[in-house]
């Protein structure tokens, strides 16, 4: 799994039908990093540091068997070391 | 998932039989980036910013179970931040 | 999927039994690029630009269910932009 | 498989239900390397050099069929060459 | 598939039970390259250039269905171009 920070929700109105039921979050592994998009079955807010699973495990982790995801948020990290005091990134 | 921009359709006349039924798009993650090829079950046009799923999820996302894809377009992004005003890339 | 150019066939006499029935091609994404090896169910020749599928989709794309491949050629590209006039790479 | 060194346990209180039953370790492939998170079915301690499996194999390797993991520790390495004498990294 | 050179066997006494039945080899794609670990169902020796399969195909390629591998040696290459005359790397 990799650690990412939630940037904000992604809006995609024209989707394949299988994508309709879960929110999507833009995440990045560090400020200014390359953006990735993860399915969010937990309900994260911008600035949260989260644990994401990829590969085939990302599908069932959404809570919907066979969902078309290759990156899914599976947990919010309590206290990520890079979140220094007074330096939260919301 | 990753965010790509559609460049143009890819023409490949000599294919394996399983590939026959879906259009293919050349996509890149940024102008001048390394080209990738994604199956397009939505009907995108050059310049669209799209959300693509990889891994095993790319197969069923085409709409045909077991289709030989490892990268499939699953949505068109409404307003990608890097599409600045007056700077569309069609 | 990614775009590669066929360099030449790979000879590997000592293989696991499951590998015996398909030709293998050394491919690279650009001249001097890192070599990869793809299963070739089509019959390509050196210099062809080809479309390759990876991930779990590479297995069935060989035409043999469960074949041990993680990169399989699924099409020959008709006219790849980087094949400039008079600059074919055979 | 890849070789990583265990840094420390990761605490994530808010998780999806499927993640509840296994400890998670922050690992890196070299000091200062990019942090990854692996499921630990063995019981490692900080400083251990471990063998991790990814891809779909990471799921069953946790000991729970279909567990949502894409990186799982499958062995502790007895004597990793980069652990020079007097230079253990605990 | 990718081409690697066998460096030497990896010793890992404390493993998950599913890993017990196959030798493991440290491999690298070039001298000084980043080390990877592959399951060896063939019986390679240090210096051999080998073909390795990854992704989900690595599991069954070990000869044991569902084995927890993401990189498995599937063939020894007869005459790899980079093995220049008099420059074997054993």
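By letter and in written order, the chains are A, B, C, D and E; residue numbering begins at 1 in each of them.
Just so it is clear, a residue touches a chain if its C-beta (ideal position, glycine included) is under 8 Å from a C-beta of that chain, and two chains touch if they have at least 3 such contacts.
Nothing here was measured: the structure is a model prediction, and the numbers come from that model.
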Report summary line: At minimum, the number of touching-chain hops separating chain C from chain D is 2
Requested in this report: Round to the nearest whole Å and give the separation of the Cα centres of chain A and chain B.
Outcome: 21
**Report entry** Distance between chain centroids, defined by C-alpha means - chain B, chain E (Å)
**Finding:** 34
Requested in this report: For chain B, jot down the residues that touch at least 2 other chains.
Outcome: 54-56, 58
Report summary line: When the ring is traversed from chain C toward chain E, the order is C, E, D, A, B
Query raised in the report: Where on chain B is chain A touching in the complex?
Result: 1-3, 29, 41-42, 51, 53-58, 60-61, 63, 72, 74-79
Query raised in the report: Which residues, counting only chain E, touch chain D once they are in their complex?
Result: 10-16, 18-19, 24, 34-38, 54-56, 58-59, 66-71
